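Structure first, commentary second.
Chain IDs A, B, C and D follow the sequence of writing; residue 1 opens each chain.
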Amino acid sequence: IVVTGCGSGKTQEAPAAGNASAANNVSIGMVTDIGGVNDNSFNQSAWEGLKAFSAAKDAKVDYLQSQSDADYIPNLNQFVKDGRSLTWGIGFMMGDAVKQVADQNKSAKLAIIDAVVDAPNVESVTFKENEGSYLVGVVAGLMTKTGKIGFVGGSEIPVIKRFEIGFTEGVKAVNPSAKVVINYTGAFNAPDQGKATAATMYNDGVDIIFHAAGSTGDGVFNEAIERKKKNKDIWVIGVDKDQSLTFGNEVTLTSMVKRVDHAVNQISNQVAKGEFKGGIQELGLAENGVGLPENNPNIPEDVLKKVQDYAVKIVHGDIQVPTVTE
Amino acid sequence: MSKLIYWLFKESSLVSLIAIGIGLLLGSLIMLAGGYNPLLAYGSLFGKAFGDVYNTGETIRQITPFIFTGLSVAFAFRTGLFNIGAEGQFIMGALAADFVGISLHMPWYIHVPLAVVAGGLLGGLWGSIAGYLKAVRGVHEVITTIMLNWIALYLSNYLIKAWLLEPGQMRSKVVDKSAWLSSAGLSELFGGSRIHYGIVLALALAAVFYVVLWKTKQGFELRAVGLNPDASEYAGIQVNRNVIKAMFISGVFAGVGGVCEVLGVFHYQAVNTAFPGYGLMGIAVALIGRNSPVGAILGAVLIGVLTYGASGMKFGAGVPEELVSIMIALIIFFVAANQIVKQLLKLTAKNKKEVL
Amino acid sequence: MQQEHIAVEMLGITKRFPGIVANDSISFKVGKGEIHALLGENGAGKSTLMNILFGLYQPDEGEIRINGRSVQIADPKTAIELGIGMIHQHFMLVESYTVVQNIILGTEPKKGLSIDYSRAEHKVRELSERYGLQVEPGQLIGDISVGMQQRVEILKTLYRGADILIFDEPTAVLTPQEIQDLMAIMKNMVNEGKTIILITHKLKEIMAVCDGVTIIRRGKVIDSVSVRETSPDELASKMVGRQVSFAVDKKEANPQEAILKLHRVTALDNRGIPALKQLSLELRRGEILGIAGVEGNGQRELIEVLTGLRRVQSGEIRLHGKPVHNATPRQIAESRVGYIPEDRQKRGLVLDFTVSENSVLKSYYFPDFRRHTFLDYDKMSRHANRLIREFDIRTPSEHTPARALSGGNQQKIIIAREVDGDPDVLIATQPTRGLDVGAIEFIHKKLVEQRDKGKAVLLYSLELDEIMNLSDRIAVMYEGTIVGIVDPRTTDEQQIGLMMSGSAVRQGEEST
Amino acid sequence: MQFLQMTGELMHTTIVFATALVFASLGALYSERAGVANIALEGLMTVGAFTAAIVTYFVETQLGGGAVSPWIGFAAAVAAGTIFAVPHAVASVTYKADQIVSGVALNFLAIGITIYLCKVILHGAAQTPTLKAVFTKWDIPFLSEIPFLGHAVFSAYPTSYLAFMLVAVSVFVLYKTPFGLRLRAVGEHPKAADSMAISVSKMRYMAVMISGALAAMGGATVTLTTTSNFSHSTISGQGYIALAALIFGKWRPVAGMCAALFFGIASALKSVFQVHGITDYIPVDFIYIFPYALTILVLAGFVGRAVAPAALGKPYEKGQR
């Protein structure tokens, strides 16, 4: 089972299946990978966006959790054949499945996060993670005391690569002598590996770790919390959501927020208004798709100022953040 | 046909049937305890599995790999070996088919058989590693096959990334159409589902299972070695060679299963961080099917329907899909501890006599 | 006998197993300080009766009295508490444990939380001296002789304070010398006030040490007699219900040329220690050559090198003049060697195969049993049916799994298969072990028949009587070599027994 | 210096990963020494991991358990593991089922039932929230100050100390006490034990339940020291590795512990190698393969034919001849 996406967050109350009642006849389905909508991560963020949409528009929303990657297509089909107004596929790995279902059902509308599907009836949403990661890289570069910074990724897939490259570029821009230690754990669901990796990095002199590894990243936080209790001067930069809400401000320096919930909500709204067009949406800093959270109590004013400056440059195109290593 | 009915109702099969019954019954009790409606749940489970042609096709698609791995485990069982490694053999079979499908280009009537043979061979070889270690070095196959599963997983990941990767994806390139086991026609017939000709191959292999084991001299040797290696050695049968052979054939069954998933369902192989789980389910299938080819088919149908229908149960009755794993576990448990079931049988038999 | 002098009394004991009444209202009593024998054919129900006395089985009906008191023996624990001890037909010893550990198992003396081994050892030594049961407390069971293992078994019961000892066929595995020692030990124990129940098939032993004997046939008591008032012949006929002759009925042998020759063969045992040392031997057509020896002197290895189951380190084996050492079992079988293995359930049969499949275990691949490339089960069935008729195998059908047959009939399948292959050499190892008189008679007849047809028969048995009765020549093995070849007509058991223990070497007329 | 640093790091991480394996393989030792094969280790660990997570979570959030919460979770896991092992004993001891099959069934059951309960208890969530109250490392005074070694060995989770202590206790129990003598006798020659008035099934039930308790400690260790939550992938193969460690150690407690440590090294290598840049030379997949391949090589080569308890895997039938 390939796990997609990353992020973290917490909500306890989530209905088992969807909310019924479809006054305006808009009904939307969402297919997740094996993690399900309570994965503290990507799927959860998407489902929160859909629930927000449902609450605002009184629309019917449901999700189906896949038990294996063979389930993606039947699950998507379940919604498509049910005549849903829109069917979401959440995550990079669902690209092929969405493509196939879209081709077989030309009249159905589908949308996907993190992958580009070339079909007229599919809306593909990707994020410019490199841009947001650049900004947290600036924070890390300015705030490191040891000159050693860590990056912990899940699998080496293009999405995560964008995080890594944006981040290192950001660090380089403000602190060329700093060293970024990069580690892919190979999984998004292995907090034990995340924890061991973080321990190794911190022992090696790293004082700030940025993770883009789903619940593997929870392990990074756990290690940091344990060390913070012993008054070690170390930080974690969270991902996808404002992870200080989950892990507290003692260890969370900031987070690279990726607004999957916004994207899901927004596109679902378009469908509700009959404005679905299909195609590709790339959400970056300019579109407010990625960025830092509102509150950053741990970042000094001057650093935040610097971050603001770089953000402006990126939005204006003065800085082109690469997505692949040249 | 009457033979089949006889086979279904002789005691050993009856044990399976009753175990299934107990599994479903306990499943409903658990649902009741969780505040769900079991009738609604089973209704939506079977509704999902057989509700329309599309889902029926998908159910068959789900059943197919279980037949292969079930045959694999059952064959090993028949020869006295416990093959927990169908998972790894499945992956290696898929890898070989993926390689042949992507790297070679030829007409379908060569391409498909070549991919199937390559996958079967690699799966078989992977199995025979465990056979070799058991025969020559005396290492128990349960341990080696478990280890080989993980090795297969990571090795195939590495090889896909090294040779076959579709740039920007965590999967291989797509195999040539000429190697596909799926056809638009068949798919159309089943509402666009991913049913493929692997099911035919699976049924054919079930027949091969029967013929090899009970109609050939190799089969005689394999069974003898499985039941009593000492007596086999005494009778001049080469025990070591037969252990390796048995694991090879067992691996072929699983390997071809992997081939069919690649050529029939996905048309590529993904870089996986966890097992697809067909091998482990093969154990359940074989046990429920009393290690016979027909049993494996029926066992695969049961497991396939339950696992595919699980999401229907979730959708229709809110019951978590994991309930299906619990039921499957209970079924295996009662098949294994068949003395419990037999005791129940005896009790009911006694009651019947008293009534008569 | 007066009531207070009775140690054990069993009254109307009935025990049924599915399809058989193993004990059918059995009653008998044993006086205190008596050695009482239980005599009966295989399957007569002796072990079952004693297992009931020891609490391993529960009787369906009947009453047990110990020292005059009626008791319920629910489990071995109760039996032990009542002062009953049992030395089982098959030893109940943990191989990887020491002598002391085996003896104290279940009633360990403690010091704090741990076992007090020094106290245990002390007590074991004390007991062993008192009863003349010489053992080495610290040794592992796997490393000591069968005779010593039996002494450990006896000490186990004495350690638990047993006054009533049950011996189930204790002499079956012992050498003549060890048997004599055991008899002395038994006498000794009786003198110390113990009571003994002895199960044995050997009339000689009963006559030598027992006071009384109870004869059981088909689960029923036939008679209880005092040994002083009976004779072996009388006991034997009571046991089987007809007159039996102990001598095997056979003509003079007519030995011809040597067909199987071993020359300076050496081989290792499973632990890698030399088990055969420069062994030379010849087997001739038209004779039965018996191999005698105490268990563990290389007999098993000898048979295994002959049948291709064990590698030869050096030396050569020739069959029909052609070298066959280190040939595979199949090559040897195909050079017309038949082999009746020692352990029929482990080696001789695939118990879950049908009678028919077992009957072709060595010939399933012959064209006779094939149609085109596939096996033809009908042909196998016909073949099996013929054997079932010719060898009088009692089975519901040829499709019955061998597991469902009785021991004697299982053995007959093997004999049928091996003899029907028309071998030039027939190797028979312990062919009658655990069988009753009727079955033994049948098998002996078959072996002699083979000899008379001009085949060469190699017989290995731990029963000296069997070797003496059947063989035309006897080769005695000791520590991996043949220490002598003797003519059974001109030697006695005493002499062979001495050779077996390595203390006398007598060269036969044509020794190698 | 770099090398010393790396070795110390490796030892430290090794102990973290090995602890769960030490517990579980020690558990299997009891069961297998009594003659009951225990492939259910994986499932027992899963149950332990789940129980520890869910109980700790509720004690922490609902009862305000604070720092004792993980201990309560740990104890609950032990109880749950003990109970969950009972079906395995019932099937394989009382009903003479194939022990491996019964174990496999239990593994299926464990993963199904834990996630099912998780969803039922946590309103649909397939994993528990991240625990705040988990075990923290104990620094042994003075000893932990020793350069490199101190950090590597004497700054460990309480569970690690407990695991190594239990190894010592087990050596005593198995080899010095009447209980141990009887337990091993039951695994070697149940009939002999039976005839000495030792109840084979009672011993085997106890052994299987002890193994459940210990394996659950292993599972609890994983959630309470490394993952801080429970999900379907919390226990993914550790049970099988623990079983391999047991066999690797030839069914002996100290050797089994060493084998567990060895597998711990293999897991630790993954992160240590990556952080220190060794993966630039060896593909990371090969590092993943390493422990499994080594297990096979070792079992095939160096260990030779390990002698399993003689009656391992064989149901004992009273009165069978």
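The rule is short, and it goes like this: contacts are C-beta pairs under 8 Å (C-beta built on N, C-alpha and C of every residue); 3 or more make two chains touch, one makes a residue touch a chain.
Chain labels with UniProt names: B = Beta-methylgalactoside transporter inner membrane component; C = Galactose/methyl galactoside import ATP-binding protein MglA; D = Inner membrane ABC transporter permease protein YjfF.
All values derive from a computational prediction rather than experimental measurement.
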{"item": "Minimum number of chain-to-chain contact steps, subunit A to subunit C", "value": "2"}
{"item": "Pair with more cross-chain C-beta pairs in contact, given C-D and A-D", "value": "A-D"}
{"item": "Centre-of-Cα separation between subunit D and subunit C, whole angstrom", "value": "45"}
{"item": "Distance between chain centroids, defined by C-alpha means - subunit A, subunit D (Å)", "value": "35"}
{"item": "Whole-Å gap between the CA centroids of subunit B and subunit C", "value": "47"}
{"item": "Euclidean distance of C-alpha centroids - subunit B vs subunit D, Å", "value": "29"}
{"item": "Subunit D: positions in contact with at least two other chains", "value": "119, 124, 233, 288"}
{"item": "For subunit A, residues that touch 2 or more chains besides their own", "value": "16, 65, 186-187, 189"}
{"item": "Junction residues of subunit B - those touching two or more other chains", "value": "274, 320"}
{"item": "Chain-chain contacts as defined at top", "value": "A-B, A-D, B-C, B-D, C-D"}
{"item": "Residue ranges of subunit D touching subunit C (in the complex, touch as defined)", "value": "172, 176-178, 181-182, 184-185, 188-189, 191-198, 310, 318-319"}
{"item": "Residues of subunit A that touch subunit D when the two form their complex", "value": "10, 12-16, 34-40, 65, 150, 181, 183-187, 189-193, 195-197, 199-201, 203-204, 215, 218-219, 221-222, 226, 229, 246-247"}
{"item": "Residues on subunit B engaged by subunit D in the complex (per definition of touch)", "value": "30, 34, 82, 84, 133, 137-140, 142-144, 146-148, 150-151, 154-155, 157-158, 161-162, 274, 280, 283-284, 287, 320, 322-326, 328-330, 332-333, 335-340"}
{"item": "Residues of subunit C defined as touching subunit D within the complex", "value": "51, 54, 56-57, 75-77, 80, 86, 88, 92-97, 101-102, 104-108, 110, 113-115, 156"}
{"item": "Interfacial residue positions of subunit B with respect to subunit A in the complex", "value": "54-55, 58, 61-62, 168-171, 192-194, 261, 265-266, 268, 270-274, 276-277, 307-308, 310-311, 314-315, 318, 320-321"}
